[in-house]
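Naming follows writing order (A, B and C), and every chain is counted from residue 1.
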Amino acid sequence: MSSAARDLELDLDAFEGPFDLLLTLVLKEQLEPAEIDMAAIVVAFVQHLAERDEIDLDACGEFLVLISALLELKARQLFPEEGAELAELEPEEAAEELARRLAEYRRMKEAAVWLRERLAAERDRYFRLGPAPLAPRAERRLAPQEPALLATALAGLATPPPKVSLSHMALRFPPVGQFLERFRAVLRRRRVFDFDGEVASLPRIEQAVAFLALLELRKNGEVALAQAAPFGPIRVARTERERMNAWTVRSA
Amino acid sequence: MDRPLRLISAETIAGTPIDAVARTIEALLVVASQPLSVEELATAVDDETERIETALGLVRERHAEGRSGIVLERVAGGYAFRAAREAAEACARLFERPVERGLSQAALETLAIVAYLGPVSRPEIARIRGVAADSTVAALVERGLVAEAGRENAPGGAVRYRVTPLFERVFGLDTLAELPRLDDLGGEPDAIRERLLAVAEARAS
Amino acid sequence: MDRPLRLISAETIAGTPIDAVARTIEALLVVASQPLSVEELATAVDDETERIETALGLVRERHAEGRSGIVLERVAGGYAFRAAREAAEACARLFERPVERGLSQAALETLAIVAYLGPVSRPEIARIRGVAADSTVAALVERGLVAEAGRENAPGGAVRYRVTPLFERVFGLDTLAELPRLDDLGGEPDAIRERLLAVAEARAS
């Protein structure tokens, strides 16, 4: 597999170094996904692509799989209690919720711009921050307190948070080769198959790897891909001549 | 209630000339470590808020830009003295502004969220910004711009935060109501919503 | 280095009327939280000490008893503003704080940790509460409810804190042994500490 994605050099607030080291640290739980600015990684990767003459589909596919996995990890860490809630939403409701959040963040970003401008405008306003040098000292007196308040406060700190299971998040990537063989086997039996139907029963992460395998086959010229509409089913058809070549090379 | 109050205030006027009240207000403002509201001033001076307002007018006149190095300012729901703008350069030579120096983009966004939505917890801030907020919030607490304000729901809940009076002073706000209305920020949420709905529909079909 | 500096400041003399220097000194003194020496004022104003002394004379005249509520005072470290004597009563009322009814959630939790587990360090308090402890501990120390109690292990370790006799008085306790027992947590500080740290870790993950 191409190493273009994994070799990507990153310079983030929380991490500096190659992408594969970042992945290693995250998987070893030495780096919190929540601390990582994912958008900065995507920007770095796109810049990296732009510097090259041709698009490396392998690298793109690998990158998509890895960044999606990271995003899911991060999302679960940031919103542990929301997984179930969001899963129950209809697509329209989910879109509505997402739009609401994006709009909210955009408003906060603009509010931050406003605050920055305000700060610049107030630059020459100086005021005293502490008490005046010759001010009398204020004495704060506290009414008698119930010791039970302390016990309640401590009991609150000893209350465990609701448990969130992350067991299904163990990142196990099946090798791309496994899907290459599987698709080739299908194509030996049938000239055309439906990608979505073929991978429907697989977990998300395996579907992503399967998609990567599909791109690999397409790159080799072993298959032709067709999709009637965005998000529509992907039809995979074998390309006779290329398949024969591949067959010959492989059997030699 | 109008009548008796007026009577008392007539007597007080006879007792303390308004100019003396103005001087007392000057004294209070020069030793106070926070902006003082009209009510706080009235309690300390032991006079009526109306007379305090009148005396504040005198103080404002005496301590205006160009006339005095000390300027009366309405900020954070009260009144405070600050340095005149003409002295900003001299102030900059002597005083650091550690509170506001190097407020990062992350810090400003977090401040905006706490100012508009506070009291608000770190998980909520993280949900909006998409990045964990722990270190940013800790730094803002350290600078005194943000402070704890109880916990969500109670036992085991996350700590919530609000902005402090210092925040209002640093940004020269009389109240948080002076922040721009949220509805006026952020442009076209409808456009984002439509785009997402289109995606959702294509997927559902 | 003397010569060129003097030349520059000679030009400044021509530029800045002494009255403007006086206003700048007013501004510096109203912002300062320490008395300012003539040298500090000269550095900030970027002028000669002689002229600063002259300008200070103007400030003293303007801010004298009976004329202003703000009075210039010469103290050990230099000059500072104080409240006029005629305002002494009002100032006393301003600084006489009403009795506080309760403590904030942050203060209560921190006090509980120090009372049950003390002596305990700030890093440990922060770990248990999931929030930086610096400002809360500092406020409790200032209020006399919590005090330093040596360092963790050898020199160089973190400062540890315990509750004070004032704390015991406020909470009506003769000794800390009278703290209410927590059915769920048992009485052993080590057991409580372990439980709290375990919960805190679960909360942070």
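Of note:
Operating definition for what follows: a contact is a pair of C-beta atoms (placed from the backbone, for glycine too) under 8 Å apart; a residue touches a chain by one contact, two chains touch by 3 or more.
All values derive from a computational prediction rather than experimental measurement.
Using the average of C-alpha coordinates as each chain's centre, A ends up farthest from subunit B. Every chain gets a centre from its CA atoms, and the centre nearest the mean of all protein CA atoms is that of B. Once the centre of each chain is set as its mean CA position, subunit A and subunit B turn out to be 38 Å apart. Note on chain placement: the centre of subunit B and the centre of subunit C lie 20 Å apart, centres being C-alpha means. For this pair, subunit A with subunit C, the centres built from the Cα atoms lie 44 Å apart. Of all residues in subunit B, those touching 2 or more other chains are 30-32, 81-83, 87, 91, 95, 151, 156, listed in ascending order. Shared interface positions of subunit A, defined as residues touching 2 or more other chains, are 126-132, 134-136, 155-156, 159-161.
Contacts from subunit B toward subunit C in the complex involve residues 20, 22-28, 30-32, 36, 40, 43-46, 68-70, 81-84, 86-87, 90-91, 93-95, 138, 141-142, 144, 147-148, 150-151, 156, 158-159.
Against subunit C, the residues of subunit A that register as touching in their complex are 126-151, 153-161, 163.
Within the complex formed with subunit B, the residues of subunit A that make contact are 32, 34-35, 37-38, 78-79, 91-92, 94-96, 98-112, 114-116, 118-119, 121-132, 134-136, 155-156, 159-161, 229-231.
In the complex of the two chains, the subunit C residues touching subunit A come out as 27, 30-35, 73, 75, 80-83, 91-92, 95-97, 99-103, 105, 108-109, 111-113, 115-116, 128-129, 143, 145, 170-173, 178-182, 184-185, 192, 195-196, 199-200, 202-203.
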